[in-house]
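The structures considered in this document are given below.
One chain, chain A, links the two complexes that follow: it is found with chain B in the first and with chain C in the second.
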Partner chain A sequence: MFYREAGDFKTSYGADNQTFPIKFDRYRYYAVLAIAYLVIPFIINDYWANALFVPFLIYAIAAIGLNILVGYGGQVSLGTGGFMAVGAYAAYKLMTAFPDVSIMIHVILAGGITAIVGVLFGLPSLRIKGFYLAVATLAAQFFLVWLFNKVPWFYNYSASGQINAPERTVFGVLVTGPNTEAWAKYLICLVFVTAAGIIARNLTRGSVGRKWMAIRDMDIAAEIIGVNPLTAKLSAFAVSSFFIGVSGALFFAVYLGAVEVGEAFGINKSFLVLFMVIIGGLGSIFGSFAGAAFLVLLPVALKIVGVDVLGWPTDIVSHLQLVIVGALIVIFLIAEPHGLAQLWRVAKEKLRLWPFPY
Partner chain B sequence: MGADFYYTIEVILNGLMAGVLYALVALGFVLIFKASGIFNYAQGVMALFAALTLVGIMEGQVPFSHLINAVFGTQIHDFGWHIPALLAIILTMVVMVGFAWLVQKYIFRHLVGQEPIILFMATIGLAYFLEGVGDLMWGSDIKTLDVGLPQGASLWIEENTAFLGGDDFYGFFIDQLDVVAAIVAAILVAVLVIFSQYTKQGRAMRAVADDHQAALSVGISLNFIWVLVWSLAGFVALVAGIMWGAKSGVQFSLSLIALKALPVLMLGGFTSIPGAIVGGLIIGVGEKLFEYSVGPMIGGATENWFAYVLALLFLVFRPQGLFGEKIIERV
Partner chain C sequence: MLDDTESYVTADGRTIGGVVLDLKSITLRFGGVEAIKNISFDIREGEIRAIIGPNGAGKSSMLNVISGFYVPQEGEVWFRGERRPQMKPYQVAQQGIARTFQNIALFEGMSVLDNVMTGRLNKMKTGLWSQALWKGKAEREENENREAVEKIIDFLEIQSIRKTPVGRLPYGLKKRVELARALAAEPTILLLDEPMAGMNVEEKEDMCRFILDVNDEFGTTIALIEHDMGVVMDLSDRVVVMDYGRKIGDGTPDEVRNNQDVIDAYLGVSHD
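So, the complex of A and B:
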């Protein structure tokens, strides 16, 4: 009834090409943005920000980045944690070296540095494919974490080996450091998420994204019809690493504040983001958000049910959490290998015909 | 010959021993990958689970006792008996076969024909699941595993090689357990080769590895073969779990050896049993030598990444690994 394109005539190419061609979708998108920018900042408190919203937003950026590489580019990567660490340490070095420059610029530059590192570790993808490449990206993961652990220059020779985010402001509002207000943390992440979502969405439906998808579907065939595998694969690595670097920088500067590299950016982080992408749906920007939301919510929900409602010891709940997360992943893969995004697509198809399906 | 030379040899020998242990884990990967195209990330956790189960059975622990106590408020811990090692190993093997059957019936039968990345993710989910179940069943504290394997440095080797290097050299320091592990690994490989070459089931296994549909059409049951292969991988995991568990205690870090086995596989090729062995030895020697020679100059702990970087550089020149099948691609 509401969700249909019948009678919604487009009179220009621009209107025909817009991201949300269906009116209902478009208004929903504006409504979500309006709630995110105008309602949530006023009602958010520390618990909601730290437990749900900020990690969700940051992981959403990382998931978008990885989805570009895995879902659109077809290059499986297990180095996400390492690349997030590059973003975090780049942001840290920039913040301490140039204290007067705005942190927004630092975060973007950190993404740029990560993109360069990502291209470097993406070079083998021109020779290696499939699982061999996945394992090869583990080299990035372990080497980068080791590097940030062992070379004191990266953590400014601090005694603990940790990096701590200094206090920085945007338009006079504190956004990093321990005294940051919840809404400021939330808003700065939200700005980056919105930008990341719009950029990624438009990249993936333009010529660049089509080249990535051609390479993903069959690289030899793509090469024969004129897609340059060198630029396509490396640009996928660059764009993906850029987003992952931005998310790493925010993860360190805004969310955690203090980071020990092996703990915050270990191999588990790589798997976590990969799970988000798979559960959300490969090759879907919406899926990246859905996957991030799902895997951020799940442990919080399990902890509330297990510890607060049932009163079990925390170690049992954390083990149960492993069991449930593992089982859910397997069940998801069996029931819907294309992830939450596919469920959403099916729901939309149903909605278009509702309430007269015939 | 100076003492340095002999120390280098000692490092190489120790590297070979470590390599054998990596190869043991890698073997399990190769078995499953060849027969079903599944890249089984859970292999390391299977080793952990097998070792935990073995310790639990030997000491007569009640499974899930921690959980039961928490839910029902009871105070149960163990049955109060001790089971001899050999019987416990057999019982553990039964558990691993049951596990293989369950995995096949409830997970991978439903995923036949999916893309390899989906199968891989499913095994990661399985790894999480199994790790949680293992911790819930037997508790997450560090356990010692004692099945009567010799421990500590071999004095015999040390005394009989001390004369080689002059006054500064006290003989090769080699752990007896590592020697046992090397022998066990050699026997295991021999048994696996004999099994796959000369028995009916082994032949069927190789047929499935060659071509699923052709194997089906001559009447081989794919389900049976897959359960068999997962059981074999469970057996290899058990052996690896015993060796690693006896070496450094049964604890969570045991499951991380799966990650160490990955570069071994890349070097040797995912589909080659000899490749797994040779790759393991190269990685073991390579990382020990690198740590010994270059490590002190750049801050140590290079073992964390050296294997991966070595495998990465190697693959750039030979994308299918040492013994992997040549990759032929057509449009």
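So, the complex of A and C:
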């Protein structure tokens, strides 16, 4: 009964154009933020942070990034894993080369470096579209992983070929390295996720976002109204790669701590993030969060149900997990091709009129 | 014959200015096919200029030459008294030439409002950084442009479908939204490629009214391709007739109607 727009009059275009035009939505958003910042850090423990919250937040950034490229820009990419690796290795090189500079700045710079690499690999998009572009970005994926394996400079000539995150602090609190507290890991990721969400929303609601969507929906018509396809496509690649780079840097520095490139940033990672975007909903910031939450939560939930509740052996559950996740993806694509975000949208539309839909 | 810069007043009291777009001996070939053969005509400021002709005459190709999709092998395009260098379509748009398409080319995934807002992309100059921050410059610019867009939405009477995704709209309304998008750019010249194709009589009347109003209120120069002769003869100040890539007639509707070549092209010629 609270979910109403009746009586909530907008008197300016700014108010009409805000992210949450319905009052209830707005308060819910503030409530979620308050819980995320003020409640969860105090009750989080190592298990929940490592199994659920930190990967969810980091994948949410990656999904937002990929969604900008695929969902808003209409350019298919399978290079997400490779770009995350760029972010991770850039962060590693920066952290070891300039130990005195704040890790926050390193992560942002790592995103910037990934943006440049992303633009380079985005150049073919000016010529090719769809599946062919996907294959071109697949080349980026394999090339980048190969590069980080082959050139020892990237992993500082370490004997194992791995990169290890040195210990770094923010405001005197340890955020990287093996001795980091759960809440610190969680909070630093949360800060980046909040910023990424707000920036992505701002970019997609204004003129930049309309350029991307125009190119996505019909590139010829976009050109005729004055959109330069070169800058529109490359800016989509740049912004998308920036977010993916940031998520890669956090994935390495905060979440894993030690990374072997082929294992952490292989083609599986590209597909995982792509599935998140598709299941969550293309062209929706909320969808990026929903998709990331779904694919991070599902394996954990299945494990709890299978091992802890039903008492099945772990190996059977882990195999079942693959089967169930795969089946769910197929079911999802058939039943709701526009993803969780569309379900959410439909639910909201129904809720507006509930309980008298006519 | 009028000079290029001279202006005159029409019977219904509108002032038609000097030549704003001048096409000089345009020839366009696709391989061995000559789609446009040595055609010249001009468009004067403030007039409604119709391009007519049977199917395959090269009318749409002509519009595509104007809007930069096709590069003619021979000939020159003069815009506002200057020879236009070879341009990409988006540069032509930035010069102030907007157009609609024969088959609707709207952005199906976006709402009507967003579609019309895309028409103003050339007027929105804030960079990526201010866009990311939103508060301040980007928001102000968005609201200013929204105001301009709302005027056009009012003008074309599509207020009620503002937030509807374009994909859900019927054909006639889509055509109107496309016109709105073109108008949002505040173009000097508006190119309409069959704005009334596939419409019923009432929708056609609406569209005619909008075209006349646009010309009247904004003073926009309009070049349109249309097959409905009644519409063409009523709306336009001057008509170009094309057939098999050649120009066979040019003048006021009355002159064109009495032109023997035009009658032959439309009604056929006996070969005995």
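Here, the second predicted complex is superposed on the first by the 353 of 358 C-alpha atoms of A that agree within 3 Å, B and C clash if a C-alpha of one lies under 4 Å from a C-alpha of the other, contacts with A are read in each partner's own complex, and residues count from 1 in each chain.
FYI, a contact is a pair of C-beta atoms (placed from the backbone, for glycine too) under 8 Å apart; a residue touches a chain by one contact, two chains touch by 3 or more.
These numbers come from a predicted model, not from an experiment.
By the touch criterion stated above, A:206 is placed in contact with chain C alone, chain B being left untouched.
Looking at the shared chain after the overlay, A:159 reaches neither chain B nor chain C. Within the superposed three-chain model, A:214 lies in touch with chain C and out of touch with chain B [touch as defined at top]. Of the two partner chains placed around the shared chain by superposition, chain B is the only one that A:323 touches, whereas chain C remains out of contact.
Once the two complexes are laid over each other on the shared chain, residue contacts for A:224 go to chain B and to chain C alike.
Contact with chain C, but none with chain B, is seen for A:12 once the two complexes are overlaid on the shared chain. Annotation for chain A, partner touching more residues between chain B and chain C: B.
In the superposed model, A:43 lies in contact with neither chain B nor chain C.
By the touch criterion defined above, A:76 reaches chain B but does not reach chain C. Residue overlap on chain A between the chain B contacts of one complex and the chain C contacts of the other covers 218, 220-221, 224. Contact residues on chain A toward chain C in their complex (touch as defined above): 12-14, 17, 199, 202-203, 205-208, 210-211, 213-214, 216-218, 220-229, 235, 239, 283.
In the complex of the two chains, the chain A residues touching chain B come out as 70, 76, 124, 127-132, 134-136, 138-139, 141-143, 145-146, 149-151, 218, 220-221, 224, 267, 271, 274-275, 278, 282, 312-313, 315-316, 319-330, 333-334, 337. Residues 67, 69, 88-90, 93-94, 98-99, 101, 105-110, 114, 117-119, 121-122, 124, 126, 128, 131-134, 138-139, 141-143, 146-147, 150, 181-182, 185 of chain C touch chain A in their complex. For chain B in complex with chain A, the residues that touch the partner chain are 39, 66-67, 70-71, 107, 110-111, 114-118, 120-122, 124-133, 135-136, 140, 259, 262-263, 265-266, 270, 298-302, 304-305, 308-309, 311-312, 315-316, 319-321, 327, 329-331.
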